[in-house]
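Chain lettering (A, B, C and D) follows the sequence in which the chains are written, and residue indices restart at 1 in each chain.
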Amino acid sequence: MIKAGVIGATGYAGQELVRILYNHPEVEIKVLSSKNHNNQVYESIYKNFNKICELKCEENELEALSNQLDIIFLSLPHGVTSKLLTDTILKNVKVVDLSADYRLKSEELYEYWYKIKHDNKDLLNQAIYGLSEWKKKEISKSRLIANPGCYPTCALLSLLPLIKEGILEEDNIIIDAKSGVSGAGRSLNLTTHFSECNESVKAYNVTSHRHTPEIEQELSEINGNEISVTFTPHLVPMNRGILCTSYGNLKNSNSYDEIKQIYEKYYQNELFIRLAKKGVFPETKWVKGSNYCDIGFTLNKSASKIIVIGAIDNLVKGAAGQAVQNMNLMFNLEENMGLKSVPMFPV
Amino acid sequence: MIKAGVIGATGYAGQELVRILYNHPEVEIKVLSSKNHNNQVYESIYKNFNKICELKCEENELEALSNQLDIIFLSLPHGVTSKLLTDTILKNVKVVDLSADYRLKSEELYEYWYKIKHDNKDLLNQAIYGLSEWKKKEISKSRLIANPGCYPTCALLSLLPLIKEGILEEDNIIIDAKSGVSGAGRSLNLTTHFSECNESVKAYNVTSHRHTPEIEQELSEINGNEISVTFTPHLVPMNRGILCTSYGNLKNSNSYDEIKQIYEKYYQNELFIRLAKKGVFPETKWVKGSNYCDIGFTLNKSASKIIVIGAIDNLVKGAAGQAVQNMNLMFNLEENMGLKSVPMFPV
Amino acid sequence: MIKAGVIGATGYAGQELVRILYNHPEVEIKVLSSKNHNNQVYESIYKNFNKICELKCEENELEALSNQLDIIFLSLPHGVTSKLLTDTILKNVKVVDLSADYRLKSEELYEYWYKIKHDNKDLLNQAIYGLSEWKKKEISKSRLIANPGCYPTCALLSLLPLIKEGILEEDNIIIDAKSGVSGAGRSLNLTTHFSECNESVKAYNVTSHRHTPEIEQELSEINGNEISVTFTPHLVPMNRGILCTSYGNLKNSNSYDEIKQIYEKYYQNELFIRLAKKGVFPETKWVKGSNYCDIGFTLNKSASKIIVIGAIDNLVKGAAGQAVQNMNLMFNLEENMGLKSVPMFPV
Amino acid sequence: MIKAGVIGATGYAGQELVRILYNHPEVEIKVLSSKNHNNQVYESIYKNFNKICELKCEENELEALSNQLDIIFLSLPHGVTSKLLTDTILKNVKVVDLSADYRLKSEELYEYWYKIKHDNKDLLNQAIYGLSEWKKKEISKSRLIANPGCYPTCALLSLLPLIKEGILEEDNIIIDAKSGVSGAGRSLNLTTHFSECNESVKAYNVTSHRHTPEIEQELSEINGNEISVTFTPHLVPMNRGILCTSYGNLKNSNSYDEIKQIYEKYYQNELFIRLAKKGVFPETKWVKGSNYCDIGFTLNKSASKIIVIGAIDNLVKGAAGQAVQNMNLMFNLEENMGLKSVPMFPV
């Protein structure tokens, strides 16, 4: 059994990790840690774990932990793990970091977007951006995974096949994303106060969301050229789910079937990517509670523009599920072990 | 492997059954059947099953099916299975019926409440009311289970320990129940049209809901005396969940601890019943997607009245989950096999 | 024009007051005050007022204000107005207090339930409990109105005719209430964090909600005897609305028509009470944005129990609307002036 | 008083019209008509009108009605009014048609998108597209208004100033729209069944929504050149509201202030357009129940792209409210008469 610890176990992503790991046949959770709930029994914080998890949240020194565990999931606020991790820790234990600290390869970009100095240049270079479907080999050999953000996961999985094949104009990519409210976490905020966000829809962080550089970095890496995108996240009154509606201009007027073949080339054998039939478009409800990313697309009448629609569960494929998928890859387990449950509906 | 069929697989309860059975280690689904979706691939009806279930819905003759299967789940409208089932079928296969047809022991009551004649008196006598926690032995020996209604499951589990111990006045029991909208099924109706029920709460079928006689029958059977209840169901704008707030008058002013001991006597070792700590009350969110029934209670200041609150997921413990629990009992499997996933939150 | 001030204008009830007063033909809002938003323009706090209200929130000394205004609405947290109000103020200006400070006639009860000492016994005696339909004369002569709580308004309007006529057993009254989340106000709290309360229903403050003594006081006053109730509030995932399902035992088995006549006797000519037809039950959606209280009832089969269902908009009839209705009565205006808009649907 | 009739009074837009007209000081509703609810009292169909509207729905011959009324609002399904209207009717009465029948100037386009032959070429030429802010003079002189669709209203008000000034590339306009469910009307449909659309977001009619040609027609007319847009509507789990996120490429890199001046030039004096401050973006909650359209915009870092966000209440500015605004213009009343209520929040 793989001995696992979840540091930052009481945010929504942390809790989802604990939920998924509990049903993983090869994992035993040994340590749960939470700064805000130190010394509290986990089931008193999340009552869904009543009669299931009797662990207490403890505060632990990471290096000490690394000697007792096989894998540590870090689900902490941005700016923390870049200070916490050391080479020694990584020698002892594999790490999946769900924060943004090791996602951006450029320290300058990181500091510009997160307003925090990054003190861990070396580890930054070692870290693999854990978009599972696109980095399997690198992930399987890595000891430090920077688990992708929720929006980037959905946007990148939607667009990468087109970008890889170079069929899109590089300067006209628009990603209009819609997210459920759990993406904003458990911290209290007027924006996520029920009466303020229920029954309303709004855009936020227009042109200024921190997931923008992450999307651009990965698109550019695959493409070779610099790609900059217009990314507009929206808040939708529902608990879970992200829908990305992405727009691109085709360099040449490809046919529907040509593009379908591109998607199949990259995703046909992927366990967690489901391509929609022609004329069918993903809805967030069909992936809820699962690690799937559903993708569908269409062309406009003049076939100069493509509209791609992707859907994920932001807490699963957009966070905890992909983290477990990455762990499976790192430990050479079946990629979907512990992630086989059917999406729940209606919920 | 147990070979299973789900007849009526495209209603919400049927679909939930398929979902749960897919993750059951000892079950293989062999047949899905649906009158309205005959010949359609299951994943085209419920897109959460995309890439998971490639079965087609077929219309099948029940007797023929009974030769090929080990268990049949019937998730059909009321009034159908009382005509469909035969002794021959039951000799071949075990049956869990999720409709109301075999729940009421009295044909007269059935006909009064459902306005349908019951033609199957013999099987009615054989059928076991499948409230798992209270009928384990009978269920394990039975070939025909009448799976309880969603409201009765929650109300009965909340009240039966008190009724069994005879500590409540028999003529002053009130059950004020609140249900999510999935309980009303997938058939179209103005009541469940989004804009009509979203952002509103209402009572419905006040004093006239068909689950009333079912609750009264089981309370009376355990108690010995005739018990009649006031049962008021309400529709709450959420997908899943039932909360029953039950009120009773204590014959003697029992203390909190005395009553706590009663609940522990009956439920301490039950896998799916979770008793809340003093001062904590169940919420539907903590049981979502699971087979748990959470129960908490308090006394009013004069200790003459008890308020018991129970919460279940109406599609799991209130329908498909309990059906699988009953199957486990019928086949001598671990009672919680296939039902171990942690409740999902927030969802 | 009546010159009005709203002190505590940036809570939900305060904002609703401002909204209603803006459409009141005889009122001019002169002063808005808010401790948390001092010096901010109102439309920057509530953007629905963009281009409508350019007033700034100011902090004001109440006595000074009382010289410039005709009426002051106090929409402040409990425990504040019992300290703020003075005889001098009340000589200058009429006051409607939306807090609980002047509702309970007994200082002991107030201190028991609110854990605050009440220093204003004299004014407590002068204050009129402003349940408009039941205290019209007193309200019209009063200078200090204790505006009722949201739950008490709905529960009392539902039950008072029966209590006044003495047809209910006094010790078996149960009020099972369901409220939208706006009732919990704009202050941040895990309970009202979107992902925590959306898609779930729960009871809270079971047997310990502060509105209990308020309901009991008014029922007892009308009845003559001490009445104690079992009151269970529930939180429902919707923005607005309260539904009270009240249960009572009839001393004698009255007929439906007898009870209908009782309701008509008290409410037939009331502008804001709408009695439902037989077999129809109120839903919160039909009163949204209006000052109506809809009431329906039925009897159980043995006619020993009555179930009464009442519905209000918690922010209108349960707070700001009733406050304006009381103002209308105090100034001898038409009772429904400024309160005539049709309930909005679907919303 | 203006004598008004609403034909098709029992759809959501029709009902909203009745609600608004009830509070209009210069209008008296004389006739309500509904094919599906003929002979039923209005308050039995929409219980918010209980004690308010005692009119019966009658089926009436339009020509006969035209002699008794000053204005007729037609809120009927597409394809009906193109057959119903005659010159005689229009000589007798003014008409606001909320269907699509008179919106598209080209019969071919109409027939292509609606699959119905248009038999009323003459009236089509007379009809004015009633986007109030942009056609005031024409509306005030017209007897037949084609009231705009909900999406086109929001998209056009957002984009027209930029199009009129010619600062956008004509072939790269993308409108990503999000609508509440009431936009789909009261007819039953699996898509709008509560459990199917609650807690999910999806795109629908991607590249094939009928509002596309309407948007293109009006943009092209103002611009002079043919403009074609990519329009993607999404369904959001809320009752009311439309948010349009529109993307355009600037021909020259205008500054924020230049564009701000353009918006002010066209909208500064408009009663129902509210321009958001820099950095603030509209949310549907701030316009609910009102006729406002809120507009905000920003530029991306390279200032080559503009993102404009517009918000309306789909049933008010997107249907019934704009219809009343148009009536006000047609009768030379104050433009906002009957439309002055403050947006309701939280609701």
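One rule holds in what follows: a contact is a pair of C-beta atoms (placed from the backbone, for glycine too) under 8 Å apart; a residue touches a chain by one contact, two chains touch by 3 or more.
Because the structure is a prediction, the values reported are computed rather than measured.
Colleague: Which chain pair shares more contacting C-beta pairs: C-D, or B-C?
Modeller: Result of the comparison of C-D and B-C: B-C.
Colleague: Going by average Cα coordinates, which chain is farthest removed from subunit D?
Modeller: If we average the C-alpha coordinates per chain, B ends up farthest from subunit D.
Colleague: Which integer distance in Å separates the CA centroid of subunit C from that of subunit D?
Modeller: 36
Colleague: For subunit B and subunit C, what's the span in angstrom between their mean Cα positions?
Modeller: Centre separation, subunit B to subunit C: 39 Å.
Colleague: Could you say which residues in subunit B touch two or more other chains, in rising order?
Modeller: Each of 12, 182, 195-196, 198-199, 237-240, 283, 285, 288, 346-347 in subunit B touches at least two other chains.
Colleague: Mind listing the subunit B positions that touch subunit C in their complex?
Modeller: 171-172, 174, 176, 178, 180, 195-196, 198-204, 206-207, 228, 230, 232, 234, 236-241, 243, 245, 247, 249, 281-285, 288, 298-302, 304-305, 307, 309, 346-347
Colleague: What part of subunit B is in contact with subunit A in the complex they form?
Modeller: 12, 15, 18-19, 22-23, 46-52, 182, 199, 239-240, 274, 280, 283, 285-290, 292, 294, 340-347
Colleague: Sort out for me which residues of subunit D touch subunit B in the complex.
Modeller: 12, 181-182, 186, 188-190, 192-199, 237-239, 347
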